[in-house]
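Each of the next two complexes has chain A plus one more chain, namely chain B in the first and chain C in the second.
Let's look at the complex of A and B:
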């Protein structure tokens, strides 16, 4: 079922992100794919995202960056803040993973492994191959077409 | 309008309305699609011009020129932006890089995408356009935000796709076009709803109609058909396809009287059940009266004789029980195979009725089958046939001579009416077939007028002859008929004294004074009055006392008795003769059918004789010549 849903969403770009439930399911798929965990600890500051993620089964919100598996970056300011924190408190397992909601955030930092955003009415999901490799992330075949070499 | 045509018309009307509603919907949808297609075509033309402009400005080296000239990039972005209206959501130019990723070259948005930034079109059709170099229209799904259609136009240089110009139509514009004909569609939908409701209503009415029809054509007590079913059945089927049987329970009132009406009803219910069980499912049973049933059996089920006898035997041996008391019913039946030219069930019923009466008069509890020969002339008893014959004056009078018995000289002729067969003018139809059918109707008066015309024209043509004419006493009591007779007598008063009215009487006279008054009026013109069929039925001795008549015509059955019971018959006839002599009446013997009878009549001194031995009814000219 999960596979069908991912295929459905990603192959045809028909991200059912117009309603919160679909958005949530989609993020759950991405985060579990990149962390290979059954449930993912997510740090996000944007209240709108927090509101959405609150209802997830497989996403647990955390208030501390260092406890999280994935940090969702919704602005450049957030990116800078996270990068500062990472520098101050580097972790052995390179966690948390950074995932952006904007193309420019993805482009601005090599620490960000991927992004999901809307452009010209179409859903855009991107992963940078070198960054996934740096973090030792291997994505399943459904995601291969969204992995790019350069931005 | 006949029912079957009306039904077909209603069905045709419904189909026509459904067809019209479907046509309207299809044509409206087609016109909406046409409108959309026109818009796409228009956009395609715009895009084509834009691409031409870009190629002109960049000398067919779009990316290379834009790389070198950011100002041109800005100007072209602005040009694209100018193109955006409410109907177009996005317009941009994409280039496919070496790794197959799409990147922005130009963007008409206010906040234009960064040059060479990445774009994932999420549609394989972009690749197809790139490969084929042919424009494509992509119908966007709901999941793509705010877009209706995407026009993907290839920018081709030297048969190679350099880039794609993408024009996205706003979803709102698509909706606007879709709703362009919505008032009309609303009307069509309303019409369809109305039509649907009408059909539902029609079906409901049809259901009600069939329920009401069933109640009308089904007999409530027995579940057989009621008589109303007959006309309906023969609207769609031929009478001639069936054998017809009339069956009646004899003296059923005795059952009701003895056991009560409730039991009587039970007997009728069981009787009809047994009858239905004995018949095939294709047969029909119609309750035409309280205990009278008309049975219609398809002719392909066997011979009428076999079928009728089987049914009669089944019905006859059926027992009915009242408190362990066994009851058998007496049943009278008449049956016939309808002739191939039969058109009316009423005529068939009439013939069967007559046969049933005959069966009953012979002692009841029997079956009478009408032979095919007697049915050949069944049409002659059809009122429409008679009506048409009278309208076309297919009628004539034959004349039977009345002889002076001793001298054997013709003294008078009796006029006898005949109808002429429609197909065979040589065939004449006797009154037996039609007289009872038209009696009491306007056709009877019409026929009487024609007969009077015949008789008077014969009297005029042959001044030396006398004629007699049969008139029913009922006719003389009918104002219209009497008026017609008076007019004729007045018109021909010079020859009216050569006419004798032979009065036929079918029931007892109640008002002798009135009849005597009528006779007086007839005699005033010199006409004579003969009492027909004296000695039988109601033509009794009482008439001799109370009525002023001139001639007695002795009933033919009495004359016939001269052969069977000559001694007694002679005595009776002798007494009539003596009585007539005393009253001064002339006497005529009818039915003188052979020489023996003639001699006896002569010996009895009966003045006048009439019968086949002396002369058959023939056209008058055959006797005069």
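Let's look at the complex of A and C:
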């Protein structure tokens, strides 16, 4: 029955926003790279992302921001909320890291280290060198072409 | 031989070096591909699809629906004697014949009420607000279609979740052609909205008609597209004002003294999902047409006061409503619903007469549909759909009853896909055609189209191959030969897409069709091809494409060559230089002319709807 439901979903035009397998693989690759951890604690409020990350083996979802290694920002409202909390509770070790799914969020706050977003129908990955440096993050050579000096 | 081997070795080294992707690049590529497709509203069960993804539209630098439509097979982009999008008009002087091509924006049909399909005005609309476009042959689903179709075009707008922020686009081109467009979209906590306002001052090629007044089809268009949506509701507002030079217009011999038609169109709709099963939708359309035509001789449409001149204002409105239910019961996925459409010719005001009395002013359509998808196995689906529509017209004009049937089988595996459908579709003559030709006010037989279609595709790694074969027959066809009972045709489409990598892609499309008894021809053979290459290197994007057409009417080869180069100067700023119809050999058709003095046919004017044009564009995102 499960397979049949999948068939309906594939053929019936459901608006599936995120492909689970490819999304998970990609985010796991990024998050393990920026945290240098085998499994990463992630806080995200967007239900679509929560649904996808729920199935990850290297991503563990947290219920509180302060428990996470990475916060995924999916809207400007979320960014404001996180920045407010950071001001109230400044973290000495600078965690959690902020990662966005929107270019404008990356541009709006220097606290955000990178973003994975859509531009002209293509997925784009971008890190800002100075921000990575501020958090002491050194990425491997395969990421170098996705790092820019400044926005 | 040595040189040959060296070249091979060099090419191998070149490709292995430049096309070698890191793990993160491979994952990125895979993510783009999978999510780009899953973002689509693609319904493979809908039928035979030609898809233009967002990435493809961006690579093509498509600014209007016409830029996309001209590359689609089977039904080509074409404009009628009024300079309006009208692919099925051929050489007919009738105002509009493409009522069987239906256009949907975000799943809601855009119509022009009395004039029929929304394609008439929206066929060359600005598509800066568009995310992706789907072309389906025949009616893809009774869920959305109120009226039957040969070709159904679904245009889907951008989603602020992926496209937040704004975009400003400025275009300048040949002959003073210019356009401006600004968009803004944002996702808030409880709702999202998007707004696009564009203005186009289209300066088009003039057509020499042998007089000192060449035919003009310039237009100035201001277009607004907007929506606001929540999790379960969406409302659209679209406004288009289009002032046009209407080419030959009402002039029999295509030598008008004045030929202008201005349009003002408003579209509003609202849709709501009550729950996972029930959906309701309402839409309203209003169109004002301002006609100003003058000739030395009597016009095609006669004005009793002044046969050589007509100035009129026509207003029409359309209301649509639907309620649908869907559910999954065991292996069945069922959808059922009711739909209604109320078309009204509100008023016709003739210069010198004021509002004139019109007796035929209403056409109402009521439909009932049922669809079922039955999962034969985890890779096979059987689909069945039936729709019954009743058309009511006032002024004692005959009502019509239309029955549509669709039966399909789909097989999908990881690499292979096979689809086959049987269609029976019925079409009724549109109200405007009835009104213009008073004989059509009497009984006009409904066209019955029967089709048997098949499609097989194979996808492996970076390539996709597809073959589509469609056999069709029109009984009592509305565009068939006079006196002939039926039109039979067969067409086949072959597609091959190959991605060298994320930045380098090639698309090939070949099309062949054979018609019997159509457009007053005994036999018509039609060929076309489309080859496109899109490449990116560093901060530059390149797009090169050629569209080829040939048919047995004149055996002339037509080529429309398009090239563009974009420089992505920064994350926010892009400059693009684009040339379309660079060889000035794009497909042209004959505009038939009749001598008003002798009644004999004059030499047709050869006109291409595709202008030769070079444009420079600046895009700024914020």
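Definition applied: the second predicted complex is superposed on the first by the 133 of 151 C-alpha atoms of A that agree within 3 Å, B and C clash if a C-alpha of one lies under 4 Å from a C-alpha of the other, contacts with A are read in each partner's own complex, and residues count from 1 in each chain.
We adopt the following convention: a residue touches a chain if its C-beta (ideal position, glycine included) is under 8 Å from a C-beta of that chain, and two chains touch if they have at least 3 such contacts.
Predicted model, so just to flag it, every value in this text is computed and none were measured.
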item	value
Which superposed partner A:118 touches (first chain B, second chain C, both, neither)	both
Of chain B and chain C, the chain that contacts the larger number of chain A residues	C
Partner chain(s) touched by A:75 [first = chain B, second = chain C, both, neither]	second
Partner chain in contact with A:26 - chain B first, chain C second, else both or neither	second
First, second, both or neither for A:149, with chain B first and chain C second	first
Common interface residues of chain A - those touching chain B in one complex and chain C in the other	12-13, 15-16, 18, 103, 118-123, 125-126, 146, 151
List of chain B residues in touch with chain A within their complex	89-90, 92, 99, 101, 113, 117-123, 140-147, 166, 168
Interface residues, chain A side, partner chain C - complex	3-8, 10-13, 15-19, 21-23, 25-26, 29-30, 74-77, 102-104, 117-123, 125-126, 142-143, 146, 151
Partner chain B, residues of chain A touching it in the complex	12-16, 18, 103, 118-126, 146, 148-151
Chain C - residues contacting chain A, complex	22-25, 27-28, 30-39, 41-46, 53-58, 161-165, 187-189, 328, 331, 333, 373, 375, 377-379, 381, 410, 412, 502, 571
